[in-house]
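Consider the two complexes below, in which chain A is the common component and chain B and chain C are the respective partners.
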Partner chain A sequence: MNTSYQYSYTNIEELLEILVEKGFIAPATEQQHATVIGRRQVQSSDLAFVTVAPEAARHLILDLRDRFGFTHLVLLTAVDYIEEGKFLLTYLLHNYELHHDIGVQVPIGREAAEAGASMESIHDLWAQAGTYQRELKEMFGIDFPGSPRVDEPFILEGWDEVPPMRREFDTKQYSETTYFPRPGRSTNDPADYMRQKLYPKE
Partner chain B sequence: MTNAPIIPLTDNHQAGRRVDLSSGKYLKLWQGPQHPGITGNMSLELTVSGDEIVDLRTHVGYLHRGFEKLMERRTYIQNFPIVCRICVPEPDFNEYLYAATVEELAGIRVPERANWLRNLTLEMARLASFLQWIGGQTGAFGMGVIGQWGITHRDYVLDLFEELSGGRIYHMYIIPGGVRGELPEGFEERARAVLDKVENLLGDIERAMFHNAVFKDRAKGLGVIPREMIDSYGITGPNARAAGVARDVRKDQPYLLYDQLDFDVVTASGSDTYDRAWVRFQEIHQSLSLIRQMLTRMPKSGPIHTQLPNPLHWKIPAGQTYRRAECTRGEYGYYLVSDGSGYPRRVYVRGPSYTHAVALMESMAVGANIADVAGLMVSFHTYPPEIER
Partner chain C sequence: MSTDINKEDTQTQQESIRQVVEAMGEYPGAADASDPQLFCEARPKVEKPFRGVFEKFLNWARANSLWVLGFGTGCGAIELRPLMTSRFDASRFGVAGRPTPRQSSVFIIGGYASVKTLKRIVRSYEQMQNPKFVIALGSCTINGGMYWDSYNTINRIDQYIPVDVYITGCMPRPEAILAGFVKLQELIKAGRGEKANEYAEHFDWYKANQKKVIKDWDMPDYNW
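For the complex of A and B:
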C-alpha cells in the first residue's frame, strides 16, 4: 500500500479501477466496445498499458506522478503504425514504492513528414524528457513545441531525408543509393571466379 | 493534495545562450569525440570562463548504427547478433533482456539450470565492466597505473567468457529458451582462481585509490547530485545509490535467481564522485560474492535449453512488454512490441546513460573545472552506444 500519495492502491487492477472512475479509461465491461482510446492491457501483475487521447495524456501523466507515486519516467518512445496512419507514443512510468509500471499510450496523427505530427511537451515534468523529445523529433518527426533544443540535431548531422525511424524510410534502399556502387569496385560470382582461376583454359 | 515536491529544473539549456562569445571572456573547448575516459565516442562542447565551465553540451551520434531500425527488418533470431553490440562492456544484459521479452510474449519457459547460467554471465559481465570502469575513473585523475591493473584483471574475466562462449567481448550466449552451451570442464576452478586474483587486486586498489590523498582531494565534493534530482532526472543505479537512495532492480523486482542469492543494496550518502566510486567498489566485492554463491549452488546437471520450433519460422504473438535489469550503470530495459508477425514491430532499448550522459551531465558540469570534467563524466559511468542505439 502506498500511503504518501493522494490515491492509495495495492495492485494494478485497483489502479485501473481508479482510472476508470476518473474517466481516463473505459470500464472493463465496455473494453470490447472501446475504440483505441480508453483501452487497457494488463501484461503482468506489475505492468499495464492504458491508451488515452492526446488532450488527456499530460493530465493523466501528472496525476500518476503526483497523486499515485509514479515518479520515474522510464522511457518515452513511439511506435509507427503506418497502415493506420498513426504513431503510438508510449510514456512508461514506474512506481518505486510498489514497483509497478504503467505505460500511457497516446495515439497521435501520423502526418506527412513535412507537415509533422505534434504532441504536448512534458519537459517541465522530468528533466530528461527533453532529450527523449529531441530524439523523437529527429527520428520520427514528432514535434514537441516548447521543449528545449527540440529542433537541434541529436544523433544525426545534416539529415534532410525522411525521419529515419518512420516505417516509410527504407534503410536498404537508402544505403544502396547513397553508398553503392562505389567506383573501382567490381563484384565476382564466387563460383565463376574460382572456375576461371583454377581452369583458365576452359 | 500531493506530497511530491515539484522541483524547479535548472535551465542549463538556456544558460549557454546568454554567453556572449564575442566578449572575449569565454572560450569554446571540445573534449572528444575520442575521449580517453569512456568506452565509445562522445564529445563534450564546453564553454569556459578561465578554467570554469559555464555551459556544457553533450554531442552524441558518433556510434549511431541504427540498431532499433535494423531490428525491425530482421527476424527475431537474426536480431541476436545485433542486440549485444548495443553495449560494448556488458553485452550480456542486452542478450538477457531481449531473450526475456521475446520469451515473455511467446510464453517460453526456461529450464532452471539455464537461469543459473544466465545469472552467472550477468554477474561476470558486471565484474568485467566495473574493472574497466576503474581504468576510466583512475585514468581520468591521472592515475593510469591503477587503471591498467583493472584492465588486466578484466582480461582474466574475458578469458572465462571466451571459454564459455567463444567470444571475449560479444558472447551471444543467452538465446531464447536458454543458453547456448554448457560450462566447460574445470570452469569452476578456473573461475574461482580468477575471483581470488581479483579479490587480491581490490586490496591494492583500495589502498592506492581510495586512501590516496590526490584522489580524495579531487573526487570528494565533485559533482554532488542532490537527492531531489534523482527522480526528476531519472537517475538509477550506483549514481542514485550513492545519494542514499536504496534502489536496485535485483532486490526490488528480482529477476532470474537474485531472490535466492544473498546480497545487500550498497548505499552511500555523500553523492559525490568519491562516494559513487566507493559504491561501485563495494559492488565489485558483492559481485565476487554472488559469483561464488552461484558456482557453489548451481545444479551440476540438467537441461540448459528448451526445445523450440525452427527459429526461421518464429511468429511471436502480438503484444507488448517491458523488462528491466540492474546493470552496472543502473536500469537497463527492453520494450518490445510485436504485431504477431515474424519481425518485431518495435524494439526500444533503455540504457541508463541516456539520461546520465545528457541531461545530468549537462547540469552537473556547470561550475566544475576543465580538469575535472573527464573524472566527473566517468563517475556517472556512461557508455555512448546505448544512447544512440
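For the complex of A and C:
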C-alpha cells in the first residue's frame, strides 16, 4: 500500500480501474492491437500497458509520476508499425514503493508530412528523457520540439540517409553498398545444417 | 610559479609555441608561423628501410618491444586485459601497454568498428610514429563478423588502414592473441612489417575509402 501519494492502490488492476474512473484513460476497447487507443494489457502482477492518445500522454505520465508514485522513467523507446503508418512510443515508468511498472504507449504518425513523427517533449519531467528523445530523433526521425540538443548527432556522425531504425531503411543493402563486403562469405545456418543432417534425401 | 592561468600566461604560451615552431623551420602544415597549426597536413612519406645487418638489428629491437596502444574497440578488447596478468604474461614477449599513440608501435583493432570509432582509429593510427603495426582481432575486423549487415559498422578494417596480422575467432582467446604477437614478431624480423609504408604509398586509396564512410570529415587529411 503506498500512502504518500494522492491515489493509493495495491495491485495493478486496481491502478487501471482508478485511471479509468478518474478519466485518465479511456475504458478498455475490444481490440487488442497495441496501437489502438484504449487498449489495456496486464502482463503480470506488476506490469501493465495502456495505450493513450498523444494529446493525453503527457498529462497521464505527469499524474502517474506525481499522484501514483511512478517516479522513475525506466525507458522511452519506439516501435515502427510500418503497415499501419504508425510509431508506437513506449514510456516505461517504475514505482519504487510497490515495484510496479506501467508502460504508457502512444501511437503517433510516421510521416512528418501528415503532421506525424513528432511528440511533446517530457525532458522537463525527467532530465534524462532528453537523451532518449535525442536518440529517437536520430534513429527514427521522431521530433521532440524544445527538447535540449535534440538535433545534434547522437551516435551517427554525419548520417545523411533515412534514419536507420525506420523499417523502410534496408540495412543489409546499405552495408553492402557502403562497407566493401569481403567476397566469399558463406553461412552455416543451423537450421539448414540440421535439415541436411536429418533429412539428407530431401 | 603561479598556477592561475590568466591572459598573459596564455599569450606567453602561445609565444613560446610560436618560437618552437619557428625554430623547427620547415614545420610542414603551418601557413605562417604566427598561426601555428597543431596538425600536419603533409602526406606521409615512404621511409626506406636500411640495408643489411643494421636493419636486421633494428627489426630485432622492434620485434622485442611491441608497445600496444590502449585503445579498445569492440568486444575483443576485453581479451587484452588478461594478457597482462601473470597467467599469460605478455611482457615476456616485450609487449606492454601505452596510453598514447605517440609512444605505441602496435595498434590492436579489438573487433567491430563503428563509423564513429573508425574516425578515431584513423586519427590514432596516423598519430603513431613509424614503424607501426596493426593487429586485427576477431571476425568483425576481417569480414564484418556478426555485424556484417549493420548500417553502422564497417566490414573490413583493411580497407581503411593496413593490417599486418589477423587473428580469427569471435572472440580470440588470449592464447590466440599471443600467437598473433609471435607471428607479428616473425614478420618484423623477416623485414615484412612495412605496412606503414604501404599506407603512405596507397595513401589516396585509403583516404578515399575513409572519406566514403566518414561523412562528417572535419579533420586534416593527415594528422600525425
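Here is the rule we use: the second predicted complex is superposed on the first by the 163 of 202 C-alpha atoms of A that agree within 3 Å, B and C clash if a C-alpha of one lies under 4 Å from a C-alpha of the other, contacts with A are read in each partner's own complex, and residues count from 1 in each chain.
Criterion: a contact is a pair of C-beta atoms (placed from the backbone, for glycine too) under 8 Å apart; a residue touches a chain by one contact, two chains touch by 3 or more.
No experiment lies behind these values; they were computed from the predicted model shown.
In the superposed model, A:P200 lies in contact with neither chain B nor chain C.
Once the two complexes are overlaid on the shared chain, A:D101 sits against chain B while remaining clear of chain C.
In the superposition on chain A, A:D46 contacts chain B only, with no contact to chain C.
In the superposed pair of complexes, A:P190 makes contact with neither chain B nor chain C. In the overlay built on the shared chain, the residue A:P164 is in contact with chain B and with chain C. Legend: residue contacts after superposition of the two complexes on their common chain; A:Y179 is shown touching chain C, with no touch to chain B. By the touch criterion stated above, A:Q6 is placed in contact with chain B alone, chain C being left untouched. Residue contacts after overlaying the shared chain place A:P145 against neither chain B nor chain C.
For chain A, the partner that touches more of its residues is B, with chain B and chain C as the two candidates. According to the touch criterion, the shared surface of chain A, contacted by chain B in one complex and chain C in the other, consists of residues 153, 155-157, 164, 169, 171-172. Residues 114-116, 119, 142-144, 148-156, 159, 209, 212-217 of chain C touch chain A in their complex.
If you check the complex, the residues on chain B that touch chain A are 1-4, 6, 9, 11, 13-14, 60-61, 64, 66, 68-70, 72-73, 104, 229, 231-234, 247, 252-253, 319-322, 324, 331, 333, 335, 337, 345-346, 348, 350, 354-355, 358-360, 363, 388.
Looking at the complex, you find that chain A touches chain B at residues 4-6, 41, 43-44, 46-47, 49, 65-67, 69, 71-75, 77, 79-80, 90, 92, 96, 99, 101, 103, 124, 126-128, 130-132, 148-149, 153-157, 164-165, 167, 169, 171-172.
Residues 153, 155-161, 164, 169, 171-172, 174-176, 178-182, 185 of chain A are the ones touching chain C in the complex.
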